[in-house]
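What follows is a set of structures to go through.
First chain A sits with chain B, and in the next complex the same chain sits with chain C.
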Partner chain A sequence: MASKKPVIAPSQTAIHWLMVTLTIIAIPHFFYQPLWVALIFLLMMGWRVMHSWRGWLLPADKRLLKVLHSISAVLTIVLVFYSYGITIGRDAGVALLTTMAAFKIVEVKSLRDYYLSCFMGFFLVITHFFFNQSIPIVILMLLNVILLTSCLITANETDSSAKNRVKQASVMVLQATPLMLLLFVLFPRISGPIWGLPNDALDIPDSLPDSMTLGEVPPRNSAISGMSDDITIGNISQLTQSDAIAFRVKFENNQFPDRQNLYWRGPVLWHTDGKRWLPLNDNQKRLDKPLQIHVTGESTSYSITLEPHDRRWLFALDFPTTYPTTMQTQLTADGELNSREAIKQRVQYQLSSHNQYQFNPEMDGYLGYGLSLPDDRHPRSQRLARDLVEKSESSEAYIESVLDYFRQQNFSYSLTPPALRGDTIDQFLFETRQGFCEHYAASFTVLMRAAGIPARIVTGYQGGDINPVDQILTVRQRDAHAWTEVWLPNKGWIRIDPTSAVSSNRVDFGIGDLLPAERRSPRAIANNDRLVEMWQSAKNNWDALNSAWDMWVVSYGPERQLDLLKKLGMHQPDWQKMISWLALGIALIFSWIAWTTLRLKSVSQDKVQRIYQQFCAKLARLDIVRQPNEGPEDFALRAQQALPAYQQQIATISELYLHSRYRGDAVEEDFFDSVKQFKPHH
Partner chain B sequence: MLMLRQYWQRWRQQQRYRVFILPSRYGMSYAMLILVMLLGAINYNNSLGHLLSFLLVGVGHVAMHHSYRNVRQLDYQLGHAEPAFCKQNILLPITFINQSQRPIRQLEMAYLASPSASSWWPFKKFSRYVAFYKAALIAADHNSLHLLPIPTQQRGWQELGRLRLSSVYPVGLLFSWFFIDINQRVLVYPKPIGNKPMPLPSAMETGVALQHQQGIDDFAGFHRYREGDARQHIAWKALARDGVLRTKQFSSPTGQSLMLQWQDVADLQDTEAKLSQLSQWILTADAAGLQYGLVMPNHTIDISHGEQHRHQCLQALALYGE
Partner chain C sequence: MTQGSTDRILQTINAVILGKQHAVKLALSCLIARGHLLIEDLPGVGKTTLAHTLATTLGLRFQRVQFTSDMLPADILGVSIYDPEKHQFSFHRGPIFTQLLLADEINRASPRTQSALLEAMEEQQVTIEGESYPLDDPFFVIATQNPTHQIGTFPLPESQLDRFLMRIQIGYPDHHAERALLIGEDRRQMLKQLTADITPDELLELQLSASKITLSDALIDYVQVLLAYTRQTGQFYNGLSPRAGLGLIQAARAWAMISGRDFVIPEDVQAVFPSIVQHRLQAREHLQSADWAIEILQQVAIP
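Then we have the complex of A and B:
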């Protein structure tokens, strides 16, 4: 009997709450998703709004509408597949979830539908983190969870005010945070993936290109994109537009090398067709015999936290002499430090470098590659090289004369050079003469090779900003740089940065000084030094907070967890120990919440009682302390004797207290007022 | 240690009943949701995904405490149920007492519909409880009286066994409940129905006996509330004093007397129909302020009037054949 339960419909209030909540959750996705996702979402929400406002019919009310609704849902799914392809990756998944949540809202009829919609909302909240893991997004997450919890409360109870329900939800979420933190720290982390990642699981805003092309610089916001542009997008100048973080460096004992020595070594480029520069292929890079590295002077130890860039390069201060132990790495024949796997998540590694070194001083197997130039290209450059060689007595003198050529002719450093056509090197050297590191490194390398000096281009980063708050050096994409290495007998590969011959500021002060002022601080305050200073210090603090956040929260994984637990004093942490501590913590949190929710009446929240306690406190200040066994009347008598001047007031207050507390008379307000006015002193 | 023991004993004393708690259907889905989320977070190495999953674990945990508290803080005082007519509801007075500083919300009462048929499935019994009453709010530090309408089954004594008092408040993910064993039996009168005309009353021989009959003129005291009494005659002040529902009675000094006899309904085939017809006549006679008596096959009730008399007559009908 009565096993079939009647369908319980959620209240209109609850549905409205849920709609508002889902919209707030979905809005951040509209920025990443194509417009039609937002349109479909708002269309469905609009339908339900019109149902509440104007009584429009819902799919459940009419068969035709139901069919229409189902067909549009199916069409949307087809649209998702059409736009994103047949495999459901991150973006397609989010688009699907967002639109389906909206379709579901229109047909919410029973409590079951309602809960399903709420749960879809929780899934939408987690998808935010695939795009952004910053502090604001976590604050938004808390807000969203509070809203969703209040939706769940509203489904069960609509008697109290909306404010009250949100308050209840906030209390619950607040009480949930200790357990969240405990689990976050102690729950044994497993390193994923378990079943593989879709291709678009990573968001890589910018990264160093693996080749270099001189030539036309497309505008950054160019609407054209596709395979053919990939090469030209690999321009380092493009990266100067980007403030995205490449990696962060923490130096041991905060001992920073000089700015001029902050060359972060990355991919090395050898092959050229006159326009494009490419690295050696993987087979060529393989190390047959160990590199000959002779070092002098002190080493610098540091740890690097590298943002994911989906390539295998690891950056290191020129030149790394110890290699990371926490991951599998290898040094290539041309001095690139590579990881075995592509860097798909933020990694941290420790290493040390020597500033003074000799790299293969006796022999290098790749000198041939370091001399090759395309046939019949750069005729004017070749002629220039011949002229300068004739005037020079040695290789060193030749190098110096080329650098002098850059210094003395009217070369200038520019982040927005004129476009180059035809023979790019010749055009740059003899006509435009405006460019940035890429132009100088490439043309210098050509001039070296033309004179028979082996040379190669090293790309990477130069400089970085030290945040005075946490002493972390941050290297951003805009610090991308290219320089040259030449090989001289008995000296090996020597770093020469032709850009510094033209613009010593680039190396001495970093790229920051060369950027327009509004890139450094908002235009509105750029003229006020004090405001710029304040803005800078606020920015430093915010950056330091973000660094700590990225390192300790966002990249908290298996290694970080062991690291932290060791720091917290756990001896040889393993998952058994974590589970034991977790159990202990959960027991404590359980008891704490049980205590706060079931607490007996020991803390009186009764207002009359509270005000009376204020009255007692006022007397206690005059050393008239109410004893635990003393009734209000006895206490009043004693107080009256001690303070004859206030006899009348004390009597009134006690009388009013007894009346409002024990006889239920409506004299509370009088009682509150008289306690407020009671200001006894000796 | 001693203090802990004191707390424990104080705690035990409060435990008049045992509160149970289990995840509801939605709670199970919620757990699945968290599990899937956590797997996703692990797969994508997404640290903040972990954070959200753990926050939801925390919310579930807190919800458990809140749900438990909502039911735990409730105390109750059972009243005595008055007899009811068959097919009407027995009104069981219950006072909910909330001595805590927070309101208690969304209580649901259910009775066990069919107490038989045990099953090996542990919670099968749950589906046989039928929800019949909801109390949306018992304010902080307040008592409130509720009349629980329990359906009658058949005439005669009805055992009021076990009530289940539950709530899914606040988030509907958990179900907390406890049982109230009423241990009362309530008399169910036959349903007052029938279309036979009432036998004509005859004038009293003595002419002295009838002095006081129910009417609307002079206040003559209280009787306990029963279904059908005019609302404006309910003694609200008395209700506030002791929680018993009463009706004010008035008297008017006129009347005739009547003997309702088993033979009068002899032409009805069904025993229940006979009892129903007599039950209806009794109510009509009572409402009209007549003096009446009842002649049953096994015993006779003398002519009289008043609440006690009415009850006596209806009880005789209710228990006929037992």
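Then we have the complex of A and C:
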């Protein structure tokens, strides 16, 4: 029978250290997870604490406890499946890993168990990035990696102080950084389900709805799920409460169009039942005839980094004339830019747009849709349209008279309009007269169609904030907007924003100015202009840092990688080339480490000595090589004989060196200067 | 005064001992470092002349003892003789009671006699029948030794060799020096005409200032790697002792002072190193002793 190997137990210090580390790692998860995850985790940690403190038995000590421990672990797994269902997604996986790490801690007996727990900790660290990839989380997780590394050190070395162990771990993590960067840049990135996040990992806080329902004012701060098809919630007023970023724009050469032209085109809505507005269905959207776009004037080039919103829309400045083909982008008949797949992770694309354009000026296949109104709805609005048509000579004049109507009657812009019941359009136009973009866009469209002018609603975003730090325009959910396009013969689809007729500020200054003051800066400092200014500038810097982080690190995907590698000089990058570059890079890093480690032995840290070696190196270039055992004076004599022209200089340097190194009284700067000035040649 | 006086001494000696500047400088360094000197060489190359010249120029009282195999310790140290008139023993001081003792052909004497001398050198005093008699200060021994392979010699044990700070060789003079020697004055005649360049008090002063020569950390590093090398290389039965290290530093200081510097540089250590270590290290393989000391210096890089 083979003899049993002795079990090497990790020290108590090491176990305590690991318990603290794992708890620190797990805590942020508790906010996302159900309460019982935290309870089970802390229960298991508590067991181990009581073992150290009061000598409670562990599962390994008694068969009964072992059975109890195993049964509770199994029950926990059952609980996870019960709560999350059979398919293991992100949340279920994290719940399982968190609780099992705690179960393992109670079990740790040998060094092997200990290492296993440590590596579970490293996995737990990774899981945080399923939830959040922001800079603070990265910093926190970096600290956690250092702590875990110090756990590994602690298990092997108990006599050094905690401070030294953490220091050593930090140095190790720091030493690993070049390798990490290399892997980050060069490891082939593959787009696809294998490398993608689990389905439930997509957190979409807010996004534009795919339909619009007028009059439903949801309660403040209610959560929107962007993936929901529920039409009773999800309209633009709710988005104005969200500071979440929709996308970021970097204009080429930082040439910003005028704010009045910053209309970011999104879904186009046609169908209405009098209350709800819907886009064309996929069949209707199929492009039978090519779009006719006549452009004049200069184009604007820019790149957009779009946050995931789980829809296919790509936003573009009105009107996109070149668009990327990489994401199988297509432009629909009504001018929507769509990707083939839903946007589930941050993407970046290059565009250029023309500000002056004519969209299908001669013919449009959808004019019928642009005229349809539900039967027997909006009677008062229809009557108003008829009255105004009689007074107008042309379509243009009619449009102007409707806008005048908005301007002259007592309409006002409000982010918190009264709820609408019944015939929403009539109620808005003749009773409440308070609303925001979608009220105006919808009622304007109805008035156009009632007068026989084809019209449609375009949703998207208007404006955005330019960060002075990095010149990046950030468009947030609160910039969501809706406007109208009308079709006029020989002019095509023309953008008309009825909201601007009521509130020109919305378009001229952005929605930021219309928000209450406490949304713009914390209430506590709102009265102090200087503090507000400082707060604003700090916020700008932070935003710039975050957008750089999002653009360069978080959204570093296959396209970015190919782009960067091309810029770095890789010809036609593919994964084989990346792997060979990677191997080369790793080899270089390791040989550099080897070289410095070996060199450290011979290189003195002393500055005087370093400078003297520079002096020797200068002479070595002229084949006057100092032997390691050669005294400085002997070497100087030899050098003087070889270079009579520099006798004086060599003597001075040698004298200064001898004095600073062996007498300790020379002015070291004199020595450094004279070596610097020493430029011998034959 | 130090620079001038050491230069003058060297000049005087070099006028008598021709073509042996390095050996002469080493001998002077040894005395300034308060060390005893062992000269190993063939008869007739000027060992005695060197000792004599040193004694005279330094203004020291000089005694010479020719060692033979039948010599007794009392012949060197002195003897207590009963004085019938006074009814008591009185101590008759031996030749060791001088400032510079030339112990010629020390390896011809029996180990017993050798030990008596070396013990006195170490203790700086002579103890006979319970009475201690201090030796002079300064007190030096310059011993000469024939190469050990000659017949009728008792080689000094290693432990006693350690009492000598340096062992030097003089060697044959080169062609020009020998020619000058042959046609020049009689050396004995020259010795008689020599006068002291300094007084014994001045010599003590020189010794004191040598011990104050600046020794930097960098230089101590060098001495330590040299010592460590002899212990680790495996070429020798034993590495150098700390006493050898101390001796190396003392000698290097004296050498630096004679060279006109008030701080020690690696070259000083290198200059005295062979004479300090040659008689202290025993090579495992039969190596030409002069060579391996220099080989050590070549192997060890100056830190």
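To be clear about the criterion, the second predicted complex is superposed on the first by the 542 of 682 C-alpha atoms of A that agree within 3 Å, B and C clash if a C-alpha of one lies under 4 Å from a C-alpha of the other, contacts with A are read in each partner's own complex, and residues count from 1 in each chain.
As a working rule, a contact is a pair of C-beta atoms (placed from the backbone, for glycine too) under 8 Å apart; a residue touches a chain by one contact, two chains touch by 3 or more.
Keep in mind the model is a prediction, meaning the values are calculated, not measured.
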First, second, both or neither for A:V125, with chain B first and chain C second: first
Which of chain B and chain C A:E390 touches, first, second, both or neither: neither
Touching partner for A:L152 - first (chain B), second (chain C), both, neither: first
First, second, both or neither for A:N629, with chain B first and chain C second: second
Superposition-derived comparison: chain B or chain C, residues of chain A touched: B
Touching partner for A:Q168 - first (chain B), second (chain C), both, neither: first
Shared chain A contacts, counted only where both chain B and chain C touch the same residue: 606
Interfacial residue positions of chain B with respect to chain A in the complex: 10, 26, 29-30, 33, 37, 39-59, 61-63, 65-66, 68-69, 72-73, 99-101, 105-106, 113-114, 127-128, 130, 136-137, 141, 168-173
Touching residues on chain C, where the partner in the complex is chain A: 214, 216, 218-219, 262-267, 270, 297-303
Partner chain C, residues of chain A touching it in the complex: 604, 606, 627-634, 658-659, 661-664
Residues on chain A engaged by chain B in the complex (per definition of touch): 1-3, 111, 115, 119, 122-123, 125-126, 129-130, 133, 137-138, 141-142, 145, 149, 152-153, 155-157, 159-160, 168, 172-173, 175-181, 183-184, 187, 189-197, 201, 345, 553-557, 589-590, 593-594, 597-598, 600-601, 605-606
